[in-house]
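Chain lettering (A, B, C and D) follows the sequence in which the chains are written, and residue indices restart at 1 in each chain.
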Amino acid sequence: MAKTDTKGKKLERNGLSDEQLRAIFRNMLLQRQLDNRGFQLNRQGKIPFALGSEGHEALQAGAAMAFHRGKDLLAPYYRDLGLALGIGLTPYEILLSLFARAADHNGGRQFPNHYSSKAAGLMSFSSILAAHIPHAVGAAYAMKYRGERGRAVLVTCGDGTTSEGEWHESVNFASIHKLPIVFLVENNLWAISTPIEHQMGQPEIWKRAAGYGIPGHRFNGFDPIETYGNVNEALDRARSGGGPTLLEGMCYRFLAHSTDDNDMTYRTKEEVDAHRKDDPVPLFERVLLDHEIMSAADVEQLKRDVLRETNEATDRAEAMPYPTAADLYTHLYEGAWKPWQ
Amino acid sequence: MATTITMPQLGETVTEGTVAQWLKKPGESVEKYEAFVEVSTDKVNAEVPAPVTGTLREVLVKEGETVATGTPIAIIDEVGAATQSNAHGTEPTQQVANAAAAPPKPSNGSTAHAAPAPQAAHTAPTPARHAELDIAGLEAALRMASPAVRKLAREHRIDIRALQGSGANGRVTAQDVLTAAQMGPAAAVGQAIAIGTNFGATGAPVMPPTHAKPPAGGTSTYGEPIPGTTIPLNQARRIIAQRMVESKHTAPHAWSMVEVDVTNLWKWRQREKDKFDHETGGLKLTMLPFFIRAVVESLAAFPLMNARFTDEGIYVNKDVNIGIAIGLATNLVVPVVKHADQLSIKGLAVASAQLIDKARRNKLGVDDLAGGTFTVNNNGSNGSIASAPIINGGQAGIVTMEAMVKRPVVTADDAIAIRSMMNVCLSLDHRVVDGYVASGFLADLKRRLEAMGPTGVL
Amino acid sequence: MAVSSPTQTTQLMNNVDAVRATLYDAMKNDPRTVILGEDVGARGNVFLITKDFAKEFGPQRVIDTPIAEASIVGIAVGMAMEGLRPIAEIQFADFIYPAFNQIVGEAAKTRYRSNGEYTCPLVIRTPYGGGVRGALSHSVSIEALFYHVPGLKILAPAFPADVKGLLNAAIDDPDPVLFLEHKKTYRLIKGEVPDGHYTIPIGKANVLKEGTQLSVVSYGLYVHWALEAAQQLEAEGISVEVIDLRSIRPMDRTTILQSVEKTRKLLIVHEDNKFGGIGAEISAMVAEEALFSLDAPIRRHCAPDVPAMGYAEPLEHEYMSSPAKIADAMRELARF
Amino acid sequence: MATTNRTSPPFERAGLSDEQLVGMLRTMLLQRMLENRGFQLNRQGKIPFASASEGHEGVQAGAAMAFARGRDLLFPYYRDLGLALGVGLTPYEVLLSLFARAADLSGGRQFPHHYASRRLGIATISSIIAAQLSHAVGAAYALRVRGEAGRAVLTTFGDGATSEGEWHESVNFAAVHKLPVVLLCENNEWAISTPLAKQMGQPDIWRRAEGYGLPSTCVDGMDPVACYLAVSDALDRARTGGGPTLVEAKCYRFLAHTTDDDDRTYRSREEVEAHRRDDPVPNFERRLIEAGILTSESLERLKAELLAEINEATDRAEAMPYPGGEELYRNVYADSTDPWR
């Protein structure tokens, strides 16, 4: 897997400004901090469940930077904390979702990390793998049908999801109609306990693109800049009527699938540690330092800010009320819930 | 010691009662005067208060079972009393059997004639096997009674067992109950005139044991009369038959009729009715109170008409209590206006209206039904212009108001005029009075009625 | 017909015409409306319901999809989330199972799981039902599999005027609606259909025939047969009330109860098999709400509990009811 | 487009004996004559429904010849009359299915051409597109688990079926486990009224194979010998542990989808006539005559024999009884049909 250039060599920044690079890094730190907070709260017994996206930070921060807020739509899956943050969700909103408070976007109905925000262009999705992909394709169809140039849909999923029939049906439909959509697979090599080699007969998801007649690319998802470059190019193609692209970003799932999972039952510590060497957060930190985009002091300050922000958001969210029992009955249909009239 | 409780006689001439519901279960304690059983009879239903304080030891009559008055129905162990030998338990039950085997003579004789019972499972064909068959019939009928049938039967106070089911396997259908309910009054009209004040005359329902509060009153109802089949007797019909025969056999009936010009009375009533309705908050002013007024005045003039025959002699009643026959949808009851001679027309109007209302709401109690000395029947409401009513046992006579019809009549001054004419019929017990008195009474009544209106003070 | 009024001009249509006319108006009047499904475009649907739509409205609005039912519904869900008014077609109800998750797990939950932020105004049309020699995979009834699902609405009109009024209501509805069209009635049933746009309220049953001795509740093809049977019985002096549910979820409690309280006997007739069918819910509801109106056990006259009707004529005949079979069921209950 | 690699090669018998070659022609003729009979009976009002596979004779006769009777398993779809005949189904059995008689293999339950015969190794199928794929893969897995080397599963499907999620899921699973299954696509360019261009984003189904890590071949489906070669290679690979192969045979559907369909509504006569030039039946007749394997006389005799056989089978089948109504309740479960206990 290609490593990001370090000190000495010129930094290929794919047109990203220092400010954007710092924003990406901030997103990555925030993401890791919030993931960590979720696990802490779970171990404290304050929340029943949390999901980790550790290892996906660079991929998600880079992809989010290519996303046009207010124009593009994001159809994510449940491991997209960084994408959600990157397109505008606040730590407070993330914690409302973790605490399942009434003020959460979904009124505390959904699992953590199942964000939806019409304002942010973040489509509602369920925990069912690949179920959101046809929705993204439908949304892309709506854009194309209305002739909305300059808009595209970014739909993400893990490697395991590519085995779902709906993934195939969706990519096929999008390719037939040349829809403005980017299929971004965050290949972290593990579907809970199923490794990629049990997921497919050959390990490269991007190769499926040819079978649909669309472009496909694979990139190093540990490198936010490379990620940005690929996603940005694909989104631009989609926005300008060039049709769909299948992207495969390689990363790794450092943590267990969720707080309910023990990954040591199916993979070795050695394997995890081997990948730790590629951990995108310290890696990118070094890049920023080497190229003097941030000073060590800046980094420390940033980390403190992120922690403070996370702590404040935690306290604020925890203090918010739960939904009431009556909320169970709202928003089933427009109007009253009546199986009998 | 143990006290045996017997089926009370709720109202004169009532010969049997039905245990509607046990309010206490064996083993439960009961205070003196505390209601412990609900009994319904031909005419009324009532909660029976305990005569002593103690524990209900044993229940001798099942819910829904009908037994003769005086039959032991329960045993209460008085507080502190040692439990008695179960002779008390068994003996009374034998009494039930005996009571059933040997009911009052007249009923036995009378019903025996008209009591073929092809549908034994649905009714008690003869008093002789009455008690036990009621239970069998009860079970058979109730086993197949749908929720709707049970509900309708309650509403209309129909004895499901008495009906001939038109459904599969003779099941009583909801429609059967409704048909019966509609036929009720029609079936009752014939005897209504005669049995007006006879409290035992119409049948009481035997309600399902599941039923909580059996309403008062009752009716004798029938399924579709199917030619070539025999409609089984129910309790009510038996008693009606018994009363008719009894009265007709014991009291030699004499009959007479006069024609009355009620043109002015009618005008008067028309003039007063709206004002009356308004003043009384909606009570209806009918011809009945005017008629009763005239009757009580005539009775005052002819006290022998307000008497009854006894072996010791003719007992002349102190009070003038007028029974009014009221036909209901499913029944005919005869509540009594007490001291009718002390009431103005308006008073009579209110009193009768209240009784009618009570009757319609099944709220008549024993007192409302007891003590009649003479009976008035507004038979004309059925369109009849003449009828030969049968006297009610223990009274000297009964008068009917027949239908009022407009007819051309020759007036005193030989003119021909359209007048509202009404026949008044009288049946009297010839043992009490003779034709001379009777015709005098009728002439007096006619004069009073024709003198009423077109104006006056109610 | 409930919707006809003397002032309205009407046209004689069969159910295919009614669906077509309604879809046509929807396409004409609302550019947000798109139709997607297998063979809906060039072929104009296998029953020719969308005949020539593609020519008039273009392939962008009349989408011939690949053979992929899960995504037909799933893509429609996404379209609905993003402001289109998709009308998805499942070519035969028998093909709907791959889309089960998209209908039950996604469409029906979209509004709920987003706490009202996202909605799914979607119509899924599908021809269902037998009697057309459709064998095991072109004749099933699917309503019982879906009417258990909160968040979904299910309609099954039987008459052309109802088809139009309810399909309009479904298209206007802000929530997902499964719209069932009985394929045997497609060309068999004709009726006057009012001109112009009108809707029939979802959840309102229709008393097709008043009666006093027996209530019959049905929908779809069997409503027509129940009506025919009821007329037979009328001649025999048995007065039967026939109710066309039209809407399966939500369902019209009031009309059913009023009828049962009047007739005291209830017969539910449907083509779907009995066990856990629509009749089960109606029976339970009536038992809960109107026990003391019942003068007989509630009866259900439904298909036998076998997976589907066989292809051979006698197998289909055995599976399907008929006016005669329904009349017998009515007589038996009336006799009770 | 599909007509590309259709260059009719110099006569290649691929090691097939004269008898085998004539056997293939016999199957092809029988298939076409039986289908014609199906349409005749439908137009006579004697049967409610018939479907056609005219244009598929070549690929089916060739594939059937590669199929090892008594060893391999066949999971066909509803357009595989020729395959069924080729693996041993008799015209009489086909006509019982058309007439839906009690003696039919499905007892008259199934649509025509939904054959199932343990004797011949033909699995039971529904009319549901692509539903047989996962079954075939499961059967192949069973062969693998039971260690039955030398056996393979042949499953067939149309081009439209490749769009189904189940197709994707099944191919992927077969690839992951290197199962002994051959996935034969009879690409006739039309899914009822939907042309290939609306079925997928590029015209070659075989190109999908790489995305699953499968070998694939594409053959002229109008050439029975070429199809025999491709399918027998694939089957041999499968039987010897070489895993699955995706074979695309490009053919054409000459007739409407079924007796209920009118293809004039969606395709031009010109298109159909253009493909008639590639009609496999006359072409193969000519090739056998040119190769001196048949004379026009022996060919006529063969046709006369087949027609007599079909006529006889028609009369026999028609004379057979329908299943009784009670048959409806059989075989719902092993035991009672009653849902209550």
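Everything below uses one rule, namely that a contact is a pair of C-beta atoms (placed from the backbone, for glycine too) under 8 Å apart; a residue touches a chain by one contact, two chains touch by 3 or more.
Nothing here was measured: the structure is a model prediction, and the numbers come from that model.
Two chain pairs, A-D and B-C, are weighed by contacting C-beta pairs, with A-D ahead.
Subunit A and subunit B have CA centres that are 88 Å apart. Remark: subunit A and subunit D have CA centroids separated by 45 Å (rounded to whole angstrom). Subunit B and subunit C have CA centres that are 58 Å apart. If you average the CA atoms of subunit C and of subunit D, the two centres end up 36 Å from each other. The set of subunit C residues that touch two or more partner chains comprises 65-66, 68, 70-71, 98. Looking at subunit A, residues 165-166, 169, 172, 176 sit in touch with two or more other chains.
Two chains count as a pair here when they touch; such pairs are A-C, A-D, B-C, C-D. For subunit D in complex with subunit C, the touching residues are 48-49, 100-102, 104, 106-112, 126-130, 160-161, 163-166, 191-194, 198-200, 260-261, 265-266, 322-329, 332, 337-340. The part of subunit C that touches subunit D in the complex is made up of residues 38-39, 41-44, 46, 51, 64-71, 94-95, 97-98, 133, 135-138, 274-275, 304-307, 309-315, 317-319.
Considering their complex, residues 213, 264, 291-296, 335-336 of subunit C touch subunit B. Within the complex, the subunit A residues that touch subunit D are 163-169, 172, 175-176, 178, 197-202, 207-214. Subunit D meets subunit A in the complex at residues 163-169, 172, 174-176, 178, 197-202, 207-214.
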